[in-house]
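One structure is given below, represented as structure tokens, and several questions about it will come after.
Here the chain labels run A, B, C and D in written order, and each chain numbers its own residues starting at 1.
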Amino acid sequence: MQCDSRSLRGVIPALVTPIDGQGDVDERSLEHLIRFQLDAGVHGIFVGGSSGEVALLDGAQRATLVKVAVGMVAGAVPVLVGAVDTGTRRVIEQARKAVALGADAVVVTAPFYVRPNPREIVEHFRLVQAALGHPVVAYDIPSAVGSRLTPDIVEELAASKLVVGLKDSSGDLVTFREIVRRTRRMDRQGSFPVLSGSELLADVAIELGAHGLVPGLANVDPHGYVRLFHAASTADRAKARAEQDRLAKLFEIISVADLGRIGFTAGALGAFKAALALRGIITNGATNVPLSALNERELEAIARILHETGLAPDVPLHVEVA
Amino acid sequence: MQCDSRSLRGVIPALVTPIDGQGDVDERSLEHLIRFQLDAGVHGIFVGGSSGEVALLDGAQRATLVKVAVGMVAGAVPVLVGAVDTGTRRVIEQARKAVALGADAVVVTAPFYVRPNPREIVEHFRLVQAALGHPVVAYDIPSAVGSRLTPDIVEELAASKLVVGLKDSSGDLVTFREIVRRTRRMDRQGSFPVLSGSELLADVAIELGAHGLVPGLANVDPHGYVRLFHAASTADRAKARAEQDRLAKLFEIISVADLGRIGFTAGALGAFKAALALRGIITNGATNVPLSALNERELEAIARILHETGLAPDVPLHVEVA
Amino acid sequence: MQCDSRSLRGVIPALVTPIDGQGDVDERSLEHLIRFQLDAGVHGIFVGGSSGEVALLDGAQRATLVKVAVGMVAGAVPVLVGAVDTGTRRVIEQARKAVALGADAVVVTAPFYVRPNPREIVEHFRLVQAALGHPVVAYDIPSAVGSRLTPDIVEELAASKLVVGLKDSSGDLVTFREIVRRTRRMDRQGSFPVLSGSELLADVAIELGAHGLVPGLANVDPHGYVRLFHAASTADRAKARAEQDRLAKLFEIISVADLGRIGFTAGALGAFKAALALRGIITNGATNVPLSALNERELEAIARILHETGLAPDVPLHVEVA
Amino acid sequence: MQCDSRSLRGVIPALVTPIDGQGDVDERSLEHLIRFQLDAGVHGIFVGGSSGEVALLDGAQRATLVKVAVGMVAGAVPVLVGAVDTGTRRVIEQARKAVALGADAVVVTAPFYVRPNPREIVEHFRLVQAALGHPVVAYDIPSAVGSRLTPDIVEELAASKLVVGLKDSSGDLVTFREIVRRTRRMDRQGSFPVLSGSELLADVAIELGAHGLVPGLANVDPHGYVRLFHAASTADRAKARAEQDRLAKLFEIISVADLGRIGFTAGALGAFKAALALRGIITNGATNVPLSALNERELEAIARILHETGLAPDVPLHVEVA
């Protein structure tokens, strides 16, 4: 599957990584999840990203994840795989494994733990690209890595063909828009794909020129994001807005957790998984160690929101989460 | 080598990882550096930490690093090895390799990239300890990981015997002092080692109860930190202050870099390595990809500071750095 | 002039405060600036806000500013006046003076320097409203005050009628959109005015439900923002986008300053004033003490951008700025 | 009272501003508080600082505060007065009033709300000094103003005699120490007073060269800080440490507040005032609007801590706080 401006578009959900009671990747649930996504009409999938708890997966889990995803998708749509690690050499290690297992593209952030400057960030992508010879998507996620892929950096990455696209999870629509302007200036066809990770401004991102969407919430409601993408792409603004408003309501599931008791990541990713379990898509809503589990009260709040947004649970409420 | 309150004390330099022109670990330089440290009377060494560019080392580099360090030290002092990674399972993978190669203790941070809460951080250390059955040192470095090991967390780690000591690189002397107070309250002998990573408040840290020092700058001047440690430990405050003042002057090497041109990490760790190269301890001052190299002007400034602090370069000024 | 949902709409530029060579308010330039704005068709003006250097104006300057503005506008459009200060009692002092001088509404932030919680922020607005009995506009500007007016806070302020509208200068379109949703839920007519301070997402803000725009850049090009507002309000998206793209280019004037030499505020507000001086609207581009002045190179860059965006300077390039 | 290196030393408590049930300055309580401080042997007082809720005081409150303080002290020790405001002209307005009312020195921060650079910060102090011709103390409090008085800035302020001393409330002992080093290099007598605002590292600050202490907690226990100052100044380290440890325990009063219910400032300053009310020094523990009041549970926790640190309340527990 070639990863370029035609294939990197549409809805590409950033999938969660289902795990079983032993903490291993739950292969059947993962297959079920991917089938659910493909049936909903998604245009690609992204595994091993932030929503996939990439930071918490060991080598065995990562390998299983990619193998199952590639096998299940079977070339129907592109499979993007996170090669998220702290430094260039480590990213190359991860990326090579992903490519060997069939990833159509790897998704790479700036180095973190260290504090690179923009020139060093570009050099990082240059070295990754040179080592791989395979499509790389740049991933801007300052909340996790602490630095930005600025418009200047992205422009250089695009112009030098070091990456085939950008996943923007910065939440900053001003720089997103500036990146769209600049990459279009390079090429009037707008052939450099800019994908938005925003759950709540997905319609606006498409209207401003995003080629596609990579939201974590699309795990739970891929049909909604596919409808939103088509409505926004065809300038049916009223329909896009209505869909976006419903999805904003659904996104409240990530805020039900009591942050005195459970961390932010556990609350948000746990909510995606719990909602999938409540919808009957995966068996077990558990997150990876050392994240805490949602409690009964929080699960009930999630079930209620699913109900209010038209995604009534298919399974009894007291789903097992740990 | 047992890692406990008697062995985790004194000066334990956080060593840089020398690399050669191909980017591999320069084994001869590493041996030379360790010999230099042991001759200076250090009480342990810490490899694969932040000063060792752990975030930028791949698996082969890490393995070589630990093997050479363990072989070279040959049981003379404890060898601490960083098992720095984003999540619990990944830390366990790294830590097992380090232990298999002979690490006396592994040094572990809170999870990062994700956003854990205090309870999840404690759970992380509980799982690492359970999986390893080997000494773990907790590593508080908020500038790199974005969260704190608060006094409450450290108290629980110590009381539950999940870690054998703390390396505090927070720069926050208020919490350092509170941790010393609380761990002494648990055990009047003060048997829980609290090590300070501060370059500039090392004398004060010892006076406030630190068992030892883990400064990156000790790469360049282990003799200075050994003298400072002995002076501060024997309440020879005037001598400790004088040594600390000289080392503060030496520490200015990390600020010579032009941060418009080169990142903070490259400037700081590059300065440690350049100074070691200028002193003739290692062959090559290069840092790992993708970090930029110091330029001639910056190297001259480092040489000048070495001269002013009594560490006149043993080698010609125009040392090769890349 | 009544300040309500009908009057708080459209383009309400956040005016700079022109000063003369002695540092006093340059009354003639201020009148000229206001005439220029009214001629461009703005729907209100906002004096004594962040763009007006409110933090740097003393009592005499503030009084002159309000007097001249109220006199010059003469009821044609609403005059909003910043009553920006650190605490409730001080805000009330400032606000009373502004009201006495004829302000149609005062614009008020959360307390700063101190660290209030949401409940205390609501109490602040309750007390200001009770003391004044005059329209208050809430002002969310976290970059200056360090706290947010969250959707929860704004909803309570609106529901309790403590403020007549919101000026959102947060740069955060997600919360902006949520505030629009919530205030519409209260009142299907959408009678609570939400004004966006964004220079670069002004078209999007209107499309998402903003009643008006309060951009600093409208000082320099009120005609552009008036055109943008009308295009966006009438769903002429292509025209709105083209205008926004041109204004984005113009906004680059705030980035010409060398931040090694001059502070961010001086560079940004100095650029607005320099552009106005270059366009011949005000006499002197100087900012208030202690801000540094732009240099020749920077002024030339601003002139170049004015030229490229169709606002060719009416006056010779070497305008006096201090 | 001349403010210089001989007079700016010792313990100079940053006093709270007692208010009565109507929200006016409670003059009798203020007199009582000052008498209590002078009896304890303090070397100066600082009114209208952060601990004095300066950000929340209007003009009338500020004037009363200074008048009462100057009158009560009657030249016995220096009276420092905060002239804290957002910009140069406003600071000069405040400072002139304070000087006219008898302040021996005014205490001034960098501009805030705006974002100045170091050069503009120095210019700010130059203009304030030129306008006043009266002693100015520089105040580094980044938690409130968002910028730092770096060692470079302080060195220039001291060398150019724009300020007569520094109050360091940065919490950063590394820069504190560097400032002491640099100002001593200028003048071997160390005639530039560096005062530490630290509650918890007061002994260390004195040992590192601080001329004095300006802690908020000294409101509650001036005797303790006077003892600590004398012990640390005479190198009686054991006594200084014991006193500091007791004061660290006492400082826990600022952490009893439930930050879900009440803001940080309200919890901390409210605790100082509540403790003073419990000790019978002031009548009413209330803070200024819009801060929330501590509740019964929190007041009981404060009373308990007073008891445990040897400051048993002189008044019944259920003191009125609002």
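Just so it is clear, a residue touches a chain if its C-beta (ideal position, glycine included) is under 8 Å from a C-beta of that chain, and two chains touch if they have at least 3 such contacts.
For clarity, every value in this text was computed on a predicted model and none was experimentally measured.
When chain centres are defined as mean Cα coordinates, A lies farthest from subunit D. In this entry, subunit B maps onto subunit D through a rotation of 180 degrees when their C-alpha atoms are superposed, rounded to the nearest 5. Per-chain CA centroids place subunit A at a distance of 37 Å from subunit C. Averaged C-alpha coordinates put the centre of subunit B at 50 Å from the centre of subunit C.
Not a single residue position of subunit D touches two or more of the other chains. Checking each pair of chains for touch leaves A-B, A-C, B-D, C-D.
By the touch rule above, subunit A contacts subunit B in their complex via residues 23, 50, 53-59, 61, 84-90, 92-93, 111-117, 119-121, 123-124, 126-127, 144-146, 259, 261-266, 288-292. Put simply, subunit B touches subunit D in their complex at residues 171-174, 177-178, 181, 198, 200-201, 204, 207-208, 245, 248.
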